[in-house]
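The following blocks contain the structures, represented as structure tokens.
Two complexes, one shared chain (chain A), two partners (chain B, chain C).
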Partner chain A sequence: MLGQVIVSGILSGALYAMVALGLALIFGVMRVINIAHGPLLMLGAYCTWLLYVGLGLNPLLTVPVSMAVLFVIGLVLQRTLVFRVVDAPELSSLLLTFGVSIAIVNLAQLVFTSDLRAVEYITGSWVIGRLAFSKPRVIAFLFALGVTALAFLFLQRTRLGKAIRATSQSREVAMVCGIDVGRVHMFTFGLASALAAAGGALLAVIVAIQPEMGGVWTFKSFLVIVLGGAGNYPGALLGGMLLGLVEQLASLFLTTQLSEVVAYVLLVVVLLVRPSGLLGGRQT
Partner chain B sequence: MKRAVLLALGVTVVALAVYPALGTGYGVRSALQTFMWIALAGSWNIISGLTGYVSFGHVAFFGAGAYAGAILVTSAGWPWPVAALAGGVAAILLALIIGYPCLRLKGPYFAIAMLGLNEVLRALVSYFEGLTGGGNGLSLPTLDASVPIYYVMGLLAVAVTGAAYLIVTSRFGLRLMTIREDEVAAEAMGIDTFHHKLGALLLSAVGPGIAGALMARDQGYIEPLSVFPLATTVTMIVMVLFGGKGTVWGPVLGAVVLFIAQELVWARYPYVHPLLFGAIIVLVVLAMPRGVLGLLQMRYRLPRTI
Partner chain C sequence: MTRKALAALLACALMVLGVGVEAQGPIRVGASLSLTGTYAKLGKNVHEGYQLCQKDLNAKGGLLGRKVEFVVYDDQSTPATAVRLYEKLITEDKVDAVMGPYSSPVTEAAANVTEKYKKVMVAPMAATTSIFKKNRKYIFMVISPAEVYLEGLVDMAAKKGLKTVAIVNEDTLFSKAAAAGAADIAKKKGMQVVFTEAYPKGNTDFSGLLTKLRATNPDVVAAATYFDDAVALTRQMKELNVNPKMYGVTVGGDLPEFYDTLKQNAEYIYGATQWEATLPYSGNKEFFEAYKKDFAHEPSYHSAAAYAGCLVYAEAVRRAGTLDADKVREQLLKLEMRTMFGDYKVDADGFQTAHKMVTFQWQGEKKVTVWPDDLAQGPARYPTPPWTQR
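On to the complex of A and B.
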């Protein structure tokens, strides 16, 4: 039983890590907590659903498409609205992205209605020994790992990736070195939205989707970056796995209903005991 | 000038005091709701407008008060005015539990913790079915008390606004605003920022707690979805931002104007309501961060304590 819990925890943990990495990037680079992160994930899920229902595309092939669409939406959001509050007090950026998130959810309700939508792709599980591996979750896990690995490779190896890390270490020094910080901000927001979209697209295969599914993801992504240490990108991986495990353990010992409560208690306890995250400090 | 303002205030209070004897049921109900919004918006303003710590889940205090009040009325048979006070106490306790870990840190931790609090309380209420009735909700014994509740809610609105005035004009309020402008500088000046923020949060939780218990009594029935809607928090925030955050009369102005607008105009378009509110938030943050009252203050050199 415990083995099963660990398997399920790790499977969902990779998804948490990938989505949270997006939020962590925006926070690291701009010091902005994007409340609209979850709603952007929801838009990614609807992209996949539209392509699946409209064009009959294989849901896994839609993942890059959803990511590309949301990348552009993210760029536009940053270019039109968010860049205006990057240097403003925290209050402004929190409220602005909150307003954007309400508007996005409402637009989705108008366009897609509040009905539950599902992308039926693969069902069932592989059974190995006494452990069951839910097929859609394993596929989502592998995709999430792949996307996260690519994102890290991009951050480590490419010029733009290095510019992003440099900007999150010190914006002033990055500017002095000739980095176009405005462009880095735009690209970061696009990349973060694309990571959220990947999460949404993979989630569409696992669970039913609806316009209000995003809110809880903003919260969970934030919890993941608190666990890993704010501004610490590798920490997001650890935080994601940890959140997945804790939620699964909670549903084993308590009820599934309370798994969100447990995640919340986890946030409060971590803030009390180790506010700088489990890995501590900034490490980009 | 000052005398004229006080006179106008006095006339308004007297008119509202005799209104239930003259007005229609609908009118009294609308006025009661306006009082509630004034109390809610004014309370949100104390933590978020003055201190700059955004609470995205203030409705949690409203809901906690509603459940505490309703449970005490139904299970313990408390009279509703006492239960309403107990609702305020329940909200304070909740604020302590959340504020203690989250306000010790700077930055958005508090905002996000409040964002999640709503869902958590809803899940807890559904889980402890024996006490709260779970998803079936909780029915209070029938009692027609809308006129007394009208007066109590009116008092609450006055109390919250009065408290805001006292805070803004006090050293405590000045320190809160210092935290908002620059928390590091505030600390360097010797302000105990944690306890000031916590104090502001507790003060801002009482009003919604009492208002929640009063609304539960007035409506006679509560369920998780009706007392923990995200929309209530959104409305509070929009009202304060529109009127002018960090001012005494901004939340009152925002609550009255937006409630009337909502009843007269937007009630016909319920589907785009959130879109409109989202757009107002974005516009106010970008174009007039200090709200209508802030604009007037700058234009006419009005005192800061208005």
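On to the complex of A and C.
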């Protein structure tokens, strides 16, 4: 039983990590807490569903497409709205992104209705001994690892990635060094939205989707980056895995109802004991 | 000049009065429904049931010589919002009557308001016994109580000689009652309840719960669900390779969308329903056809119960000859009526005692009634094969 639970925890942990990385990027670079992160994830899920149902595209091939679409939506959001609150107090960015998230969810309800939608692509599991490896979750896990690895490579190796990290460390110094901070902000928001979209696209294969699915992902991502250290990118990875495991272990040893309680209690404890997160904040 | 103006004014006044005498304007019936949120799918069906009832009543000349008009708001599937909306319907909109919202938790909350203002509320979407056992005077039940939803599944299992049952439920009013009822019936029939667990509303990850459940290796899995969780639970049972000999859900499993969403994975799953289009009640076929024509999809039992509840209320008003709450209440307590939904008769608490549940199984993309024996269309496909062998 324990083995099964650890498998499930790690499988969902990678997804948490990837989605949370997006939130961590935005917070690190812009000091904006993006409440609309979950709803953007939901849009990514619907992109995949539309392409699957409308064009009959293989759901796994739709992941990059959903990411590209949400990248553009992210750019536009940043250019039109979010850039206005970058230097404002954090409450302004909370309010703005909260409003944006409500707008997105309600628009989605209008367009897609509240019906549950499912992408019945791969279901079932590979059974190895007593362990069942859920096919869609294993695939999502591999994809999430791949996308996260690419994102890290991008941040470490490319010029733009370095510019993002530099901006996150100190915007003033980055500006002095000739980095176009406005452009970096825009790109970061796009990239973060694309990461959320990847999460949504993969989720669409795992669970049935509906317009309100995103909210809980905003909170989970937030939990993950606080656990790992806000603005600390490798921390998001650790936090994601940790959340996945804690949720599963709690639902094994306690009850399903308590599993979320445990996760948020963990959040409070980390904030009390190590307010800068397990790996410390902003060491990029 | 003044005389002309006066005459015109008088004519106007007469016209207004005249209209007033001929028809007092429509009877406005208020309700809040879950048009968005967790229960949106089912709430919409209830809404359509009410709409069709409004249409059919008006086609037959309305009620007490007046047209009937529904005033519906969206409670977003939350009891707190419903409370506010019923308060608004009664005090601000001053509706003439109210009908119940969707789901037990929402009805439980709304009933406090309707009771406070002494408004009769026929609540076709509440299946939780406790709602009707709180000395409330003005609330009336239409469907069978939650406790008997899983009776068919458990009864069939016991007859097949199965010994162990696992029961899981969403931790809300209705599902808890359905789970408790299933446990009671199972014990009475000599089965052993080997696992029980509740999960919070809106839960999407069942891996921990199912891992524990799988370890107890039950013959039967009885799940007291709504729609979203029934879908998620089924998918994850397949993912975790949980293979009971019988697996049944409560609400949601009967919707065509359940099969549309799960496709062939819905095969063999048992569900309970208050009503089926195929049941031989008079007027049922007509209702089914009219509904399909108006809303371009088939009605669920929610649609049917809403429609029937509305008819029951209308009949009581007709017999009372007035909208006065106490007189309509008297009629509702006395009324014995068979609609296309089945029988209606309540005890002194407004608790439903006449209506019957049926159990079906998904077989070849169709729901086949398999219990009780006298209504069954065919035998159950038993046992359910393991996921790996389908």
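In this section, the second predicted complex is superposed on the first by the 283 of 284 C-alpha atoms of A that agree within 3 Å, B and C clash if a C-alpha of one lies under 4 Å from a C-alpha of the other, contacts with A are read in each partner's own complex, and residues count from 1 in each chain.
Operating definition for what follows: a residue touches a chain if its C-beta (ideal position, glycine included) is under 8 Å from a C-beta of that chain, and two chains touch if they have at least 3 such contacts.
Every value quoted in this text rests on a predicted model; they were computed, and no experiment measured them.
Superposition of the two structures on chain A leads chain B and chain C into a clash.
By the touch criterion stated above, A:5 is placed in contact with chain C alone, chain B being left untouched.
Applying the stated contact rule after C-alpha superposition, one finds that A:123 touches chain C and leaves chain B untouched. By the touch criterion defined above, A:260 lies against chain B and chain C together after alignment on the C-alpha atoms of chain A. Contact with neither chain B nor chain C is seen for A:80 once the two complexes are overlaid on the shared chain.
Applying the stated contact rule after C-alpha superposition, one finds that A:100 touches chain B and leaves chain C untouched. When the two structures are aligned on the shared chain, A:248 is found in touch with chain C, with no touch to chain B. By the document's definition of touching, of the two partners only chain B reaches A:275; chain C does not. With the complexes overlaid on chain A C-alpha atoms, the stretch of chain B that clashes with chain C is 222-230, out of 150-158, 222-230 or 258-266. Across the two superposed structures, the residue set of chain A contacted by chain B and also by chain C is 109, 216, 255, 257, 260. Chain A contributes residues 33, 35, 81, 84-85, 89-92, 94-96, 98-107, 109-110, 215-216, 218-219, 222-223, 226, 255, 257-258, 260-261, 263-264, 267-269, 271-272, 275 to its touches with chain B in the complex. Chain contact summary for the complex, chain B toward chain A: residues 48, 52, 54, 56, 97-98, 100-102, 104-105, 107-109, 111-113, 115-117, 119-120, 123-124, 126-127, 180, 230, 234, 237, 241, 271-275, 277-282, 285-286, 289.
Those residues of chain A that touch chain C in the shared complex are 1, 4-5, 8, 12, 109, 113-118, 120, 123-125, 127, 132, 134-137, 207-208, 210, 212-213, 216, 247-252, 255-257, 259-260. The touching residues of chain C, counted against chain A in their complex, run 35-38, 40-41, 171, 197-200, 202-209, 211-212, 214-215, 227-228, 231-232, 235-236, 238-241, 257, 261-263, 265, 387-388.
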